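In the two complexes below, chain A is the common chain; its partner is chain B in one and chain C in the other.
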Partner chain A sequence: MSTDMKMAFRNIWRSPVRTILTLSAIAFAAIILVFMVSFQLGSYEIMVNSSVKIYTGHIRIQAEGYREKRNMRFVISSPERIAKTVEKIEEIKSYSFRANGFSLVSSENRARGVLVTGIDPEGEAEISTISGLIRKGEYLAPGDRDKVLIGRLLARNLKVGINDELTILGQGKDGSIAAGIVTVKGIFSSGIDDFDRSTVQVPLSYFNDLFYMDGAVHEIVCTADSLFDVNKIKRLLKANLSEKKQKKVVVLDWKELLPGLVQGIQLDLASAAIFYFILVLVVAFSILNTFLMAILERTKEFGVMLALGVKPNRLFKLVLMESSFLTLTGVITGVVVGCAITFWFQTHGIDLAGASEILKEYGMSGIVYPKLSIVSALAGPLLVFVITICAALYPAFKVKKLVPVDAIRSI
Partner chain B sequence: MSIVRAENIKKRYIQGKVEVHALRGVSVNIDQGEFVAMAGPSGSGKTTVLNIIGGIDNPDSGQVIVDGNNYSDMTQSKLAELRLNKIGFVFQAYNLIPVLSAEENVEYIMLLQGVSAKERKKKARAILDDVGLEGKYSRRPSELSGGQQQRVAVARAIVSNPAIILADEPTANLDSKTGESLLDMMKKMNREKDVTFIFSTHDNMVMEYAKRIVKLKDGQIENDIIKDK
Partner chain C sequence: MYFQLAWRNIWRNPRRTFVIISAVVIGVWSMVFLSAFSHGMLASMLDNGKSVLIGDIQIHNKKYRIDPSIDNSMDNPDKIRAVLDKTLPQGAVLTERIKVSTYVSNARHSTGAVLVGIDPENEKKISFLGKSITKGEYLDKKDMRGILVGKALLEKFDTAIGKKLIIMARDKKGKVASKAFRIRGVFNAEMEATEKQFLFITMTGARKLLNMEKGISEISIVLNSEPMVEKTAAEIKNRLDTELFAVETWKDLLPMLKAYVEIFNGFMYIWYVVVFVAMGFGIVNTSLMAVFERVREFGLLRALGLKPWPVIRSVLTESIFILLIGIIAGNLLGYVSVLLMKDNGLDLAMFGKGSEFFGMSRVIYPILTMFDVMNVNLVIFFLGAVVSLYPAFRASRITPVEAMRQ
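Up next, the complex of A and B:
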């Protein structure tokens, strides 16, 4: 250890109580940031995965213009050809076809406008969690024809239960009237009220006949193992589909499919960033005060050192070294303790029973699991480190500008 | 040969709204190997003369030349180098670096001079032995008595082989016995190593030890007495 490092280390411990308090303030800020950022990322991942896994999927392949116009005739005519391309991409965990038609669904007493979706029961069970969210009755079986799944709120609004009949009245792909009578086989509850209020799922084969689809579908929904794979899948799909001259299809990822969710996350991140910055600034000011006090107490000593021939730059480095040791120790302690605390909650979860109504809006359960990652573990503490070092620069510059004779005269 | 030449130094301070003339044209020549006491009552300007000779304060006018270096031509950085290599300081309040041991305090100056670690250690211990601090190398200043701290300060001042040592009231905080012993040690170094010592003092004992007494009053030299050998 060099003499300057030795001096810096010893100087830090000249006032142990003050040093421990300063270290605690830095470590506390780092712990808060590690935990809060992890908590945010964890809740975002749950929000995204919940939305994606219930229905949206990570990626959808649609006919060009279908997302904007929702026109029945904007279809993928040969979904099997595209499916061959999809199957070649390893990162795609599963996929399924869907077809949609806006229709009027009526029970004996009431009628509601809904989105009727044709699904392949087996494939859909791989990409959507609806099969696990059946609260009454059963999920669709592969051989089912005129059976439907409906949302809990729709069932309540139509006053229907299991095995009750519903009439579907819509417009087929060719413009003709699509009408059929179906039986309620299952009632699901996704936790997303809008979805539960307006969704009817029927077997794709039945939908195909009812809406005169001629084997066409509106979208191919794909899921990935991780959110991190989505960009790669999208890139590969786009490249492969344009190679096969499937120019009239578009590849959309979950961010394009759920813009409201993305904006919500961005807004939450921005407001959190402001809060974190203020928190770090408050800590930085208290640390600046400590550093200034420490420097003030040693002004005479600095004056003597300057008189002995120590150059101002060396004193500047010494003071910065002390601040860096202190900050680094605080930040490292904060990261270690913060990660340990976060990891515990990542394993056990945090029960937010009080916020369950809000969380339900996003399809989340009442338990949130913080997500510890390199970003959440280091981003906040890095901010603490940078701002604290910036705060330490001021006293260091003050030391650099000391006039020996004035400094020696100081008390 | 003059090791210190100060010509017509003037210095004034502003204390609140009052202008204080600390030095009103002080000129003094000090030769290599002298043992000089700047004497005078409080406020006479003796510490200011020492600070200006040491290059830690600037005169308003006049010039100071130490070992051939004219301060008015030098940058702060060059002055720092000069202080490191040519001037040793001994302060009234010892002013050792509290976080360093006696040995490290002495070594620190040599570290700044770029002396190797091995050489530093050897020289620091030898000089601490010379000032009577054998076996107390690893003691921190707080673990030493006032007299012992001042001995470390002298060792620190002398270790860099300076041309002059400036001692600002070095015995003021010591009892007479300790002060006498410290002065004996300085006198020995002056005699054996031909180091020039310049004191500021109003202690009669220091004046008795001095070969030359420059008496200051109200910022001017009242008289300059060279004692008979």
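Up next, the complex of A and C:
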């Protein structure tokens, strides 16, 4: 240990109460940030996963313009050809075809305009969790024809139960009227009200005949093992599909499919960032004040040192060393304690019973689990570190400018 | 004399005092600003939520909420009108609507939407619609075939003003009714979802389409003061047959929003404490140093026979002076920064869709309320006084012997 370091270390412990208070302030900010960021990231992951798994899927292949216009005629006319390409990509866990048409669905005495989706019961069970969310009746079987699954709230609004009849009235691909009578086979409850209020699923083969699709579908929905594979899959799909000159096909990932969710997350992060930044600012001010006072207190001492021939630069370094040591210790303590607290909640969960109404809307249950990661453990503390070091610079520069005679004379 | 002494003591070392005051100022400022910012966020959520056909109070057929169908309309609204005439306070406005879920199509496109039959004159005063017509014109009361369409829906349908839309719905008699309406105007809403969800026609047009005589689906009331809402709702409930009608305030109609407001307010209190703790460390630290700088002085006072309590009192009085100065300056700073953002607001345009996801506008205007400001100041003042106790006690324990060693 060099003499300077030894001096810095001893200086810090000259007033233990002050040092401990300063350390606590820094550690406190770091702990709060580790916990809050982990909490946010944890809930985002649950939000994304539940949306993706219930219905959206990680990646969808659609005809160009279909997503924006939702036009019946923007179809993938030969889905099997694309399916061959999809099957070659190892990272894609499973895939399924879907077709959609807006229709007026009516029961004996109620009617609703909703999106009717044609699904392949076998493939769909692999990519969506709906098959496991059936509350009444059963999921669609592969050979089913005029059977439908509907959401819990839609069933309530239409006043229908299992085996009741529904009339579907819509517009086919060729613009003609599509009309059919189906029976309710299953009622599901995804927990996302909007989805449960507006979803009707029929077997794809039946949809194909009803809406005159000629074997065409609107989208191929793919799922991956984890969110991290999505970019690679997207790249591979794009490369392979363009090779085959499938010009009019686009590959969309979950971020493009759920722009509201992604931007909602960004907004939440942004407004949280304002809160965090102000917290760190307040801490930085506390620290700046403490450092400043510590320096003012020792003006005489610095004057003597300067008079004895210590170079201003060395003093500057000494003061900076003291504050970096304090900051670093505080931040490290904060990270350790913050991680420990977060980890405890990660395993035990935080019960937000009062918020379950809101959480349900985002597909979460009443218990939220923060998720510790490198980012959540280090991003906040890093901010604290950088801002605190900046706060320490000002007093250090002040020391550098001291004039020995004036400094010795000050009280 | 205590106050005079404390006041002079503070200014013996102005630099140190300013340092401590700055810690308080930044803390107060941050809390005032954050409360105004979050209040603005909540207010914009509430306004958006309420202006999309909710209002402060709504009256429906009791069965309508669970089963919003044309069968559950209020077929004889005269009685309710009479009750409302007597009950509503000054400045209240109301409008009647017919709401029905429909299937909309033109030659190439189709979708589901909610068709709303409105009284154009009154609707204008209450909901977002009056201010939102960007192209074409608003509905005339006698217009039987005109329809107002959201911008997003218009674009989705590749259509334009003057063209037709086919509306299909179940009428009062249970038959599927279908009729063509001509697009008269286009409205822009804060949220794209609203533009896609609603279509507006006149009340008379809706009655004709749905084969209704004089029934309505809902009455929406807007009062001019929030505190009156619960009271007025209770009065209406008293005078109406609650077996037949449901009288609900926005809190019943938007439970999500109500829960969100509550959670958010709870979170703000926690956050106040968090910010305070961060600030408290600084206050304790600096006032403690101020005490240690004056060890000789306190020792002398004790040697002259001063009891510990007067020492505590004098240090505490100094801290309270500093707190008060800091609080005043912090409030002023907070007020100024809110004032600066009053005209332009905080633009969240880059997260446009995201703010929509939360039901907020794209620009947030901070709102300063007396209640928030009082809360912030009380929190800081009391907690500040509490944490100043430690340095004060520390000062009272300085003995003459300890002081002489310095």
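The rule we apply is simple: the second predicted complex is superposed on the first by the 411 of 411 C-alpha atoms of A that agree within 3 Å, B and C clash if a C-alpha of one lies under 4 Å from a C-alpha of the other, contacts with A are read in each partner's own complex, and residues count from 1 in each chain.
Definition applied: contacts are C-beta pairs under 8 Å (C-beta built on N, C-alpha and C of every residue); 3 or more make two chains touch, one makes a residue touch a chain.
Note that the structure is a prediction, hence the values are computed from the model and not measured.
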{"item": "Partner chain(s) touched by A:F291 [first = chain B, second = chain C, both, neither]", "value": "neither"}
{"item": "Which superposed partner A:R14 touches (first chain B, second chain C, both, neither)", "value": "first"}
{"item": "First (chain B), second (chain C), both or neither touched by A:F188", "value": "neither"}
{"item": "Touching partner for A:Y276 - first (chain B), second (chain C), both, neither", "value": "neither"}
{"item": "Dominant contact partner of chain A by residue count, chain C or chain B", "value": "C"}
{"item": "First (chain B), second (chain C), both or neither touched by A:I265", "value": "second"}
{"item": "Which of chain B and chain C A:F39 touches, first, second, both or neither", "value": "neither"}
{"item": "Partner chain in contact with A:F302 - chain B first, chain C second, else both or neither", "value": "neither"}
{"item": "List of chain C residues in touch with chain A within their complex", "value": "15-16, 19-20, 22-23, 26-27, 30, 33-34, 37, 41, 66-69, 71, 101-105, 107-113, 156, 158, 168-170, 174, 176, 255-256, 259-260, 262-263, 271, 274-275, 277-279, 281-286, 288-289, 292-293, 348, 351-358"}
{"item": "Touching residues on chain B, where the partner in the complex is chain A", "value": "51, 54, 56-57, 76-77, 80-85, 87, 89, 91, 95, 97-100, 104, 107-109, 111-112, 156, 160"}
{"item": "Contact footprint of chain B on chain A as seen in their complex", "value": "3, 6-7, 10-11, 14, 300-301, 303-312, 314, 404-405, 408"}
{"item": "Chain A - residues contacting chain C, complex", "value": "15, 17-18, 21-22, 24-25, 28-29, 32, 69-71, 73, 101-104, 106, 109-115, 156-157, 159, 169-171, 175, 198, 259-268, 270-271, 274-275, 278-279, 281-283, 285-287, 289-290, 292-294, 296-297, 354-355, 357-358, 361"}
